[in-house]
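Below is one structure, written out as structure tokens, with a few remarks after it.
We call the chains A, B, C, D and E, going by the order they appear; numbering starts again at 1 in every chain.
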Amino acid sequence: MTSLVACAPASLALSLQVAGVVLLLFLVCGIALGYLLSQPIPLRGLLDAIISLPLVFPPIAIGFFLLMAFGRHGAIGGWLHQTLDWELVFSFQALVLASFVAGLPLVAKPIQSAIEGSARDLIEAAYTLGKGRMETLILVVIPVVRRSIVAGLTLGVGRSFGEVGITLMLGGNIIGSTETLSLAIYNRVLDGDFDCAAKLSMLLGLVSLGLFFLLRRLGRL
Amino acid sequence: MPDLQATLSFARKDFALDLDIGIPADGITALLGPSGCGKSTLLRLLAGLETPHQGHIRHGDRIWLDRAMDINLAPRHRRVGFMFQDYALFPHLSVARNIAFGLRRGVDKAACVRFWLDRLSLRPLAERKPSALSGGQRQRVALARALAAEPQVLLLDEPFSAVDFSLRQELRLMFQEAVADAGIPVVLVTHDLEDVRQVADRVGVMIDGQLRRLGPAEDVFARPGDAEVARVLGWPNTLAVQAWERDTARGAWGQVAASLDPLMRPPEVIAIHPDGPTPTSGQGLPVEVTRVTDMGGYHALLCRLADRSPLRIHLPKSSPVPRPGSSARLAIPRECVIPLRERSTAPNLTYPNPRHA
Amino acid sequence: EPLLIAAGAGYKKPLTEVYAAFEADSGIEVQAAFGNMQQVIAQTRDSGRIDLVVGERGFLTKTGLFEHFTPLGKGRLVLAYGIRPLGGYQALAEVSVERIALPDPKKAIYGRAATQFLERSGLMPEVQGKLMTLATVPQVSAYLVAGTVDAGFINITDALGIRDKLAGFVEIPADLYDPPVIALAYPEGRPVSAAAKTFADFLNTDRAKAIFAKYGLQ
Amino acid sequence: MPDLQATLSFARKDFALDLDIGIPADGITALLGPSGCGKSTLLRLLAGLETPHQGHIRHGDRIWLDRAMDINLAPRHRRVGFMFQDYALFPHLSVARNIAFGLRRGVDKAACVRFWLDRLSLRPLAERKPSALSGGQRQRVALARALAAEPQVLLLDEPFSAVDFSLRQELRLMFQEAVADAGIPVVLVTHDLEDVRQVADRVGVMIDGQLRRLGPAEDVFARPGDAEVARVLGWPNTLAVQAWERDTARGAWGQVAASLDPLMRPPEVIAIHPDGPTPTSGQGLPVEVTRVTDMGGYHALLCRLADRSPLRIHLPKSSPVPRPGSSARLAIPRECVIPLRERSTAPNLTYPNPRHA
Amino acid sequence: MTSLVACAPASLALSLQVAGVVLLLFLVCGIALGYLLSQPIPLRGLLDAIISLPLVFPPIAIGFFLLMAFGRHGAIGGWLHQTLDWELVFSFQALVLASFVAGLPLVAKPIQSAIEGSARDLIEAAYTLGKGRMETLILVVIPVVRRSIVAGLTLGVGRSFGEVGITLMLGGNIIGSTETLSLAIYNRVLDGDFDCAAKLSMLLGLVSLGLFFLLRRLGRL
């Protein structure tokens, strides 16, 4: 393991940290969105489409637009900078944002279709037993569609592991500080350092497999 | 003891429900009706799982629903114990946890769950998931879940249909006791007339989205009012009358004598109760016996009348039984013949009716 | 405060070594960002956090984002062979050469250099139909390594890096193109810190020059 | 006419099934048993949806399953008409298409579907999706789907449980006709004793994964063999005998006279049939009447014996009815008392038994 | 529309062609894999993991490895070249391969979890009604899980629209010939031609929305 990570020692820890934070975000937002989209709310079709959209744009283009929005001259970034003196670009939060945007649709959509498919009656049963929307979500919906949640999280976290384009722009690809494992692979490949790229890929593959099996185990509980 | 009062209009493609119903808080109200008449829909409306197009529901002096005033209490605030026809058990929870799901805070959960497990003979299955249960076991879990939540109103959709004879007897007794203690409005949808006879204090009969008859059990069974209701209540023999001659009804099937109320218009249909008619060697209704079945306590005779319409008769074990295929004459006592309308015009007893009160 | 220096991905190897030497020498930490030049520009403009940029002078000047430049050296163009060795750049005209890769002249400085060379050497009319315009130098390198193209134009730094995987390469004579000038640029409106000055001074030392030379930048 | 023969051993956590069963191709075999005894599991094993750990299934002279020889015919090659207890209708297909799903090639699909829609009163629902059907409507669609496929064996899990009295009567008749034409082995799981009395030619009773009793309906009803089986078959009164004195059985509950076979060991349990005992002013079993219910054709008396164990008696409408709360003495005719074992030792009639044949 | 596509006239048609072919491939392979993974086959866990793996690697690295494998010196590419005289790299097929690899897990996983969740009993019912595995798949499984199929196809085709990294390496990003709409956006962004990038993004967004709504309509049938 140590020999595998030798080419980019800090990147593994960074990737795992990002994945950890993003996993939590996906758990909360992915499930909430999936649930929301399965209920008959107004403008559902539009929301549905908007969530899926990040998927269809080249990541690097999304990264560019986010950079402009969150940069000093950007609408959001300017405000953040002025009022909070906080800068997103090049920070850890930027890496998280990048992964989050890339993976969210992959988490929310499978959850949505699972809830639509199999939880309707059970939601009604929970209501008659005195539970509110929130309790029903936690006590019934989530456990019932947990297979799909795991499938969604696997896809989302997987994508977040592999995401390069947005991360590159927002995170800055700063060696040792915002260089995630997949950015490191990307960099090594573009440098022509294929040995190192192969080793890092192996590492990424192993770590991902580990994560998948962990998630599957959780889904079976 | 708060009662439940509802006036509802609901429609969906090919189906309309339109009724007034009042359910007092003592005793059990059984709801019967042909398949698809709207029984489950009525329960769903009462529980708030379906919203009527017009209507009003009142529980005691609390208003649950008033379309005109835009009040619609959410299902969870109605505290209705609802047993679904297809159970809707939570597949990820064990039997014990399914039962515990609706328990109020402050209740000793473990004790309460144990109590219901025992009452419904589910103790050894407490840790199973619903997917590892048989049909009847699932049904009992659904019943326990609905009862355990200490509901203010109990709505049960065919709670005993999937259990065997002796367990069914036990469940009926258990259920009567449990409900007698609670003092809440209880609606029991069932197709089993023995259930109704044994546990129901009141009977409601729905036909085609309407409540055709509601009243004390004995009264409804004795005077079903119209032919459709009679058929639901186990009067198997309804015959159209073509002409009345004094108090003899005549049709293509033959003729029988009946007691007629002289002040009322003669009815278009009569029903012949299966218990009462006996084979006779004298005057009687000519029939052809097609089938004889030993039903344990009695023999069931399936006969054909002159116009080949069927007639079902129950003979006590003590009386002689004609052979299948033979012809016979049946003496039909007057009290076994009741007059019916094609469709009831008698007002329903809707127990303090909100529209007229 | 560490020093944040962004540079074109093509200079990664020499710069990484220079940064290490500088850190050892001065004790000032360098944060190194590498990327496509357009990306470096966008980040310089939108983040406002980049202290120094390393890139081609002409390109950087056009953006108008920089106040002044310190030249570091000249880049060199090479022709590398993918499938089998060729006998110099004249061989490009032969029929056996089917595909020649070059970086996009609009985006990549070595793409522009390669077109200049082809025009000045008079090869352009003969090879026009065989040219494959790819996005970047690393991509040309990848295609060479994969054996998908017969030859390709890349810079000497890259060529040295993948020397073992190539069928060979020749340097293009410097008079047949305008060698790109690699320069250190100071973003406008960002005060030049003491650390930045120290770094600029360090680049003039023999030690730094030797590193650049090792990677073909002189 | 090929019959169906099976010898099966199957186990899962907390449940083991172990039986020999033979189902001839004429008439209907009803299968009864307490909830969870393994009826649905047996049907699934026969259909090939579950694989036994050991066993052998033969249909006519075709072997469907032989664990020893590693033969296991796939469910679809067994051509079993299977009606699932929870229906398993295809949610994406209309009623008509659900029914048409299993039709063989070469059949006139439209005509066949129309035929079954009519027979099960489903005509107006033909284009509905299952989600828009009531419980009883779904059940009928499931029944139609199983029947329409022209199966070689018919396995039905509670086919009539969710329909009302009069439709149930019609369905039973329809079903008997349909099956009489087909001449195939038919197994009908049901909890309704009227179903059994009216349609079953043979009755099997399962207890705890074992086939305790299988034989002609009248025979099984008349001689259930052991107390558990008796309870399933609607003998509500089983009493443990502490001592025999000549032909009088005695227990804490009192004493009754019974005809004893002098060659057999005196039984440990007796059952008293509810039809037959009558109140008497002379000698009789002392009881306390706790409840009287009008069951339409008769009155059901719930009584308590001396040891407070319950006794259920049916009185014909013609006889006088004691008041609830009063004490009474019951005359119990000898033929109403049958001897039972705690557990049957009598061999089952397993219709040419493959093990012994 | 014409003004939107003016910057890269051929790219829209190319992207649509790729999406069309990939959609067909997803329909067949995605459903087949999803079904396979939901059945108790040997080595299921491994297959499951392998399918999800492409997700976790940076697209450009995957592209690179595929390029090495399919290049003339590569194991597969060399053989293809020698025996069939066919080269994948730079071709339309390469674009399709890139999109397929990127999107496959997004299609197969939601379908798998939907089948596991809701089609078991119905599969048994179809068997007793005399249908084989294949008929059951077509007549029962697919229609029953169609919501999840649509969700999966939306994700998969969306990703295939937005995929840049693999396409770049395998397709060659040859202007006018292997430049898909998202590659065109990527190129314009890296050229600093933001006007054009914005226009093309708008176009891609519109086309994707159209496709989503079409798929949703199909899923409701």
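Just a few scattered comments:
Heads up, the rule we're going with is that a contact is a pair of C-beta atoms (placed from the backbone, for glycine too) under 8 Å apart; a residue touches a chain by one contact, two chains touch by 3 or more.
For each chain, UniProt lists the protein as follows: A, E = ABC transporter permease subunit; B, D = ABC transporter ATP-binding protein.
As the structure is a prediction and not an experimental result, all values here were calculated from the model.
The set of chains in contact with subunit C as well as subunit D comprises E. For the pair subunit B and subunit E, chains touching both partners: A, D. C-beta contact counts were set side by side for A-C and D-E; A-C has more. Most remote chain with respect to subunit D, judged by CA-atom centres, is C. Each chain gets a centre from the mean of its Cα atoms; for subunit C and subunit E, those two points are 35 Å apart. Subunit B and subunit C have CA centres that are 88 Å apart. One finds 20 Å separating the Cα centroids of subunit A and subunit E. Taking the mean of the C-alpha atoms as each chain's centre, subunit B and subunit D sit 23 Å apart.
In subunit C, 39, 42, 142, 145 are the positions where the chain touches two or more neighbouring chains simultaneously.
In subunit E, 64, 189-190 are the positions where the chain touches two or more neighbouring chains simultaneously. Across the assembly, subunit D contributes residues 86 that each touch 2 or more other chains. By the definition of touch given earlier, these chain pairs are in contact: A-B, A-C, A-E, B-D, C-E, D-E. Within the complex formed with subunit C, the residues of subunit E that make contact are 64, 67-68, 70-74, 77, 87, 89-90, 168-169, 172-175, 187, 189-192. Of all residues in subunit E, only 121-122, 124-132, 139-140, 143-144, 146 touch subunit D in the complex they form.
For subunit E in complex with subunit A, the touching residues are 45, 48-49, 52-61, 64-65, 105-106, 109-110, 112-114, 116-118, 145, 147-148, 150-152, 154-155, 158-159, 161-165, 182-183, 185-186, 189-190, 194, 197, 201, 204-205, 208-209, 212-213, 216. Those residues of subunit B that touch subunit D in the complex are listed here as 13-14, 32-36, 38-41, 85-86, 124-125, 132-137, 139-140, 157-158, 161-169, 191-194, 197-198, 218, 221, 231-234, 236, 273-276, 293-298, 300, 312, 314, 316-317. Contact residues on subunit D toward subunit E in their complex (touch as defined above): 47-49, 74-76, 78-82, 84, 86, 88-93, 101-102, 104, 145, 149.
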